[in-house]
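Quick heads-up: structures coming right below.
Look at the two complexes coming up: chain A is in both, with chain B in one and chain C in the other.
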Partner chain A sequence: MAHPSQLGLQDAASPVMEELLHFHDHALMIVLLISTLVLYIIVSMVSTKLTNKYILDSQEIEIVWTILPAVILILIALPSLRILYLMDEINDPHLTIKAMGHQWYWSYEYTDYEDLGFDSYMVPTQDLVPGQFRLLETDHRMVVPMESPIRVLVSAEDVLHSWAVPALGVKMDAVPGRLNQTAFIVSRPGVFYGQCSEICGANHSFMPIVVEAVPLVHFENWSSLMLEDA
Partner chain B sequence: MAEDIKGKLERYRTAPFDSRFPNTNQTKNCWQNYLDYHRCQKSLESKGVDVAPCDWYKRVYKTLCPISWVEKWDGQRDDGTFPGKI
Partner chain C sequence: MLGTVSKQLRSHPALIPLFVFIGGGCVMCAAYLARLGICSPEVSWNRNGNPEPWNKLAPTYQYKFYAVNLDYSKLKKEGPDY
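Here is the complex of A and B:
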């Protein structure tokens, strides 16, 4: 999850997010290098006492500062398109979960075998126990088996919402009457937080998402327990 | 053919990739399987044949379609106001 005074992205918990993280480092480095260069040139131009009244044209530098930016753009575009196509690969999911957005909570449905459905409300601040995170914890988490391809179908029952988990590199809009598909693999066990990402009324900031990735055996135990409780 | 479907149903994990619906919007995938199940059931029942092969469509639409949508459509079918052609 995010921690105080965090500057960068959260640690990746899925292969796609790892790629996005490295791409972000690559693109940001290019941006910082160019900005530093430009700033240096501006400062040196402004602070010099030299004046040159005789430059009329300069074919060579014009060629360099046309070709070089084009090359830099290609160096950004190639990894970007690689990731885009990687995200577009055909998946063979092991499990399908439906995430339905409501005002103001999410509900999750696991209907591959039995009809398991439950709501996930934010834990109010006054009900938190020490160690829990304010505005991020929920009463029921979306539990998934780790290292398995998961398909999530996102929709909404009332207004627009958006289902996002930054650590997994996932965000998908929840549109009433429409079923939007996204997929991910969680590489490591853990608890990953997200928040509703489309303005949806008074409590838009208070309907978080919590994904808990566990080994398959624990997932099977959890789903049996949830079915009994229902 | 019925044995193939039975085998597929026994090995069922989740709805497989359907090349008719390759993109993000899976609304039609859910709708189509719901229709296909009820059409299959209606036509096989009218012929007096075992309806077991239709169960594939049922598993797929149960996987894909939100429970509230299925309940709404079931209610509409009972009322005779279902918008699809079965």
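Here is the complex of A and C:
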């Protein structure tokens, strides 16, 4: 999850997010190199006593500063497009979960085998137990089996919402009347937080998403318990 | 017009990479549009001969331009047979 004064992305919990992290490092390194070069050139231009009034053009430097940026852009575009195609690939999911956005909570439906559905409201600040995170915890978490491809169908019952979990590299808009599909694999067990990412009214900031990834046996126990409680 | 352009290119060779990259960009845009028209399963040019091309897709049909990790030949048909 996010921590105070965090500068970079959250630690990856899915293979796609790992790819995105590495790509971000790659693009940021290129940006830093270019910015350093530009800053150096600016400082050296501004602090020199030399003047030259007779250079009108130079074909060589023009060739260099056309080809080099084009090459750099291609070096950024190729990994980016690769990840884009990777994210879209069908991955034969083991489980399908429906995440429905409401004002102002999420509801999850696990209807592959039995009819399991529940709402997920934010835990109000005054009800937090020590150790819980303010504005991020929910009363019911979306529990998923780890290391399994999961498909999430996202929609909304009233206004636009967006289902996002940064640690999994997932964000999908919840549009009323439309079914959007996203998929992920959680590489490690853990609890991953996200927040509604499309303005949806007064409590838009107070409808978080919590995904809990557990081994398959624990997931099966949890779903049996939830079905009994329902 | 080509004569003028090639004369200018001889005295300003720095324009050649510009032509290459801008030309490359235009070629890629045109190729994308052509691919959309020819390969997109939602496009039907012949209403009588090919009315609903999206109904003819095999589960192993590669509809994406680039397959990173996915072996299309291993995909099976989901859902019932009609």
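Operating definition for what follows: the second predicted complex is superposed on the first by the 230 of 230 C-alpha atoms of A that agree within 3 Å, B and C clash if a C-alpha of one lies under 4 Å from a C-alpha of the other, contacts with A are read in each partner's own complex, and residues count from 1 in each chain.
Going forward, a residue touches a chain if its C-beta (ideal position, glycine included) is under 8 Å from a C-beta of that chain, and two chains touch if they have at least 3 such contacts.
All values derive from a computational prediction rather than experimental measurement.
*Asks:* First (chain B), second (chain C), both or neither: which does A:Lys98 touch?
*Replies:* Only chain B is touched by A:Lys98; chain C is not.
*Asks:* Name the contact category of A:Ser223: first (chain B only), second (chain C only), both, or neither.
*Replies:* neither
*Asks:* Is A:Thr111 touching anything from chain B or chain C once the two structures are fitted on A? First, second, both or neither.
*Replies:* So A:Thr111 only meets chain B here.
*Asks:* Scan A:Ser197 for contacts with chain B and chain C and give back first, second, both or neither.
*Replies:* After superposing on A, A:Ser197 lies clear of both chain B and chain C.
*Asks:* Touching A:Thr66, do we find chain B (first), chain C (second), both, or neither?
*Replies:* A:Thr66: touches chain C, not chain B.
*Asks:* Which partner, chain B or chain C, touches the larger number of chain A residues?
*Replies:* Here the partner covering more residues of chain A is B.
*Asks:* Is A:Tyr85 touching anything from chain B or chain C once the two structures are fitted on A? First, second, both or neither.
*Replies:* second
*Asks:* Hey, what residues of chain A end up touching chain B and chain C alike?
*Replies:* 90-91
*Asks:* Which residues of chain B touch chain A in their complex?
*Replies:* So the residues of chain B in touch with chain A come to 12-17, 22, 24-27, 29-30, 59, 62-68.
*Asks:* Applying the document's contact rule, which stretches of chain A touch chain B when the two form their complex?
*Replies:* 90-96, 98, 100, 109, 111-112, 115, 117, 151, 153, 155, 157, 172, 177-182
*Asks:* Using the touch definition from the top, list the residues of chain A that touch chain C in their complex.
*Replies:* Within the complex, chain A touches chain C at residues 57, 59-60, 62-63, 66-67, 70, 81-82, 85-86, 88-91.
*Asks:* Would you mind writing out the residues of chain C in touch with chain A in their complex?
*Replies:* Residues 12-14, 16-18, 21, 64-70, 75 of chain C touch chain A in their complex.
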